[in-house]
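Okay, here's the structure, questions in a sec.
Chain lettering (A, B, C and D) follows the sequence in which the chains are written, and residue indices restart at 1 in each chain.
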């Protein structure tokens, strides 16, 4: 049995780079197992083989953490969605823990039990109610073999802090990521203050996920770091950005783009974009580096490959990938062989193949 | 047991629309199981769970045919590639047949045993040698439960015709697709004459696959149809185009694009592009409509959804997909709810999010 | 007095490169003297100083020929337009001849009296009526000091041939340019046959003008040349393309672009585009090389500068222009100084500064 | 004689909208009279007819002010440039005044004597020397019939203030515009403080010119207004932006764009962009609205047409321009006639016709 005994905090404290996993819901939507608009994770019960396989791809790409496929799996959200009627939230949460654990144990990965923002918070901001939703999910996770918790995809630092407070009662490590822009959370709280709020609530790791591209997310995490530094607080930094280019996005992120959610293909990051991202995130002092919606296995592998020197190893999936395109060296066309080098891919400006389309859209919240 | 007793030819003769599957190698490269530059299918032996899952996604999306994952699996290609040393071509071919059969039987799909162009042809054009390679693959397929054959991804009609001649000795139905542009094959043979050549060699179904986008491929198949009509020949038509926009491509297709193979993301078709493609292919009289590299499960689902009236049913994966974005109707943001309609997606011109990139590249073969 | 005694034909026969002038109507529209939609040349009477100055700029840029500002100045067109009521066509034609002559004599230029397509042809195709319109214009020109004639901007080779037949009765040299695409004239007559038709009608110089960009126009003139060669006919070649990029245009040219006529700025050629054009036109054997709508003085200067070795001199306006940007050598910013070289400008891919705009439009005649 | 007796200040105080003129040097470079890199105005002596004609176009387009063509006409700049050897700065300054006066008197325009930044300031920041250069130019202007002064194109508020102090000794009205971005001047002084500094130095009108597009310039003038309001100071506001789209520019403006100065065509404003600009400038409280480099006569006419209700009249050049494209109503093609309306042009997203070019560049100062 290969279980790594050292937990996430030990490893971060030791200065290790932790590679996160990629996005589950968007990818499983494309594979046919998640319904867009609902984005609920009933596939953990209905199609476990599909969830298991996606976990496995991330593991193979070098992910040190597999997040349970429990996005939007609070009871209020499931009820509101109405997408599943014969399965309970408890069933999904428990099945998701088993799936993540099973695959994590095929390698060396940790399992993070994940909670996310609740409709309840938006409708009444009742702390007791919201916390009881998180408590229920946590209790379901704790029936299973979970290594630590992540509270992710929160638009409001306040709600995220409530989640952190609940999850910390387990005694386990807790990470918290907001889906916010450099402008701050939806209450206008700047990133630096958000980070302080989360650390004070007990978060061991703080950062951002989803909603915006790597460039914007790195900027936001830097502001979080500045906030923590100013406040004299310690906290590990974490980043799991969108796998799409969103240069024109504002507060509400890619949801305000006209292409959301069914025409985002043109914006997808290449693996080379991810190399750049991973390096910049590392240079910004972030040590938990993963992805969210749009990050597929090959994007996670690109993080692992960019940071192979820092981590000391390549992931299993690199057996099927020549670094910087080296696998093209034996192509029959000389012009393709010429692409088997870092300089080529780093400098390429990829064309969209869509001359009647623009390169930027007008966000709906502008 | 749900096995459909009617074979592919019966169904095409009856005027049914056959939905093909999507691309395996490009997608499995991204998932970490195929090495770019080599593009060989050893994953059928090494990672059967990954191949099985991808087959399953296509089945779920409505594919009537699952193609064996045996691309480039002729012995000469495997040797040249040097990518696998401890597995034989026979092992891969046989394992691939079993995987396709296993998943096909979970639904109602047919299994097509697939052969593709050989390095041998390129180096010596020796008919005996080339045919013996196809014969060996065919014999391996025939040990398993295969419904029909497809000879695909041929740049030269001559080599494809040799493959057809070999495969027809099995007594089974044979389809043949060339990866050519409207300009014709690499010998300069126009599409119409290519089609005539293939039908005369025994092909029951002819068409194109890979290398160029739906627009170009439909144009090529139309020229094939004209050629057959002029020659007074009968042949069913088949199309499995690239899942990328390639408006500027010439003879050698997307391989000549600077973005090939690691920066094609921006060119990826949306599901709405596929609706348009499926309709145009149908209107052109093509009845076997699928995809090649870049076509993921949701693209195949889009073919099934566009042609739901003609086929009389929706695929399983449509349970997780509102037609034309209907699943967005319950979104919290009014501007996202407004996207839950056909008109919105049909008229959207998706932005690339890359203002420093062009919209067309200069192909290397220009 | 500097009048060059050698006429246009002598010079072309001697192998000289003749630089044409640029576009009058589009430029004078921008300067405030021509009304878009009408495009009639009443400014020759109403604002002679403006017409004179534009002639002068072209002369200074190296133009060997100044075309009279008599576009659309047939009586039927003037009447239909209704743009001028107190001035006759005769007045405009005569004033325009005087203006061109006056400026031509400030340098070494020839004056070409110009006629263009008539509404009369479109409405009734009556040869007698159409020819009488051209005859009247010609007679007005012949009252003045005109060196030769150009029949330009004809969509139909037939009408252009009628103009040529009339103008040849003067005994003077006649050039004829069609505003057609490589697909041929509006009757579907291919460029090669158009050229043969015009030469047989008496044209000494044939070619194309307006409507399409240099790339398309060069292609059309090449087809004209092939037609003449096949027919064993002699004729000098002439080209005066649009000063805009129109890669997506079909038969009706830039008029079908959504940007016509008030948003063509983004498509304007740079001087470096013109260098490339002039070289390609020269290499195609064309020896009368100018421009039409969109060609300003600096574009004409770029033709003169590209072909300075072939012509043996630079034009007066080059006193105010360092070749290939040499004038930037003394700029205070080092990065601007670095642009003072040919390689920089030849390889630049100029950005539009409009990220929300596409790079190609859909022509209205598609 | 039509001379308007009311001076600029009277008119601004009365709430009138003053339309400025467009750019001289860039336009005269294209016409063949100014050398790029030098940008000096010797054409006022060498080619008065060219300068006169350009003044006339602006007058005809509705300009209420003609600026003397005296850009970079301080003695230190002329010497450094070395572009003219047989003409003195005094000769140019005096000739330029005469030209502007002559044309202004053909209509109703005022003449502004203009000074601009000096190399002397950049090299030694010696107040005495710099002021003596301005004093010399002013004295030359005062020999002629000048209505007021403009100090324009200053990167440093300090130098501009010195110019203002000198020019105010004449007793005449003085306007001052900086070529700065919303980030402030090159010393880092924010726009609000720059405006305060200039008004305190005696400027009656303050604002920005050149270097950045209308969007950026309006933003900068708004910040200037806020600064004046906060300081309790009064000052009329003036804006003369670049006639190019520069969304990606930073501190040093369009000079840092790769396209500067010979490939800016694609970025040129359309007349409809100018309508939008004029309205936004007016709404921001700016009452002196003109243009700088890239603003041709038709752009100035667009300002006049957009603000025709506020001004109470249309300019002479509007005789040759149907409002919002009305002149297209009689076009023979129905699809062109359909463009004769405001909605069409306001919503058009003009294509660049350059699919291999990007929509944004990387500024050299980034």
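One rule holds for everything that comes next: a residue touches a chain if its C-beta (ideal position, glycine included) is under 8 Å from a C-beta of that chain, and two chains touch if they have at least 3 such contacts.
The chain lineup, named per UniProt: A, B, C, D = Hcy-binding domain-containing protein.
Not measured: the values here are computed from a predicted model.
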From the options A-D, A-B or C-D, the pair that copies B-C, where over half of the contact pairs coincide: A-D
Pair sharing more residue contacts (C-beta pairs) when A-D is set against A-C: A-C
Relative to chain D, chain with the most remote C-alpha centre: B
Centre-to-centre distance between chain D and chain C (centres being mean Cα positions), rounded to whole Å: 32
Averaged-CA centre spacing for the pair chain C and chain A, given as whole angstrom: 60
Euclidean distance of C-alpha centroids - chain A vs chain D, Å: 50
Where chain A touches two or more other chains, by residue: 248, 349, 351, 355-361
Overall pattern in which the protein chains touch one another (line/ring/star/complete/other): complete
Touch list for chain C against partner chain B, complex: 349, 351, 355-356, 358-360
Chain B - residues contacting chain A, complex: 29-38, 49-50, 53, 56-57, 60-61, 80-81, 122, 213, 244-248, 252, 255-272, 296-298, 301, 316-317, 319-322, 325, 327-333, 335-336, 339-340, 345, 348-361, 364-365
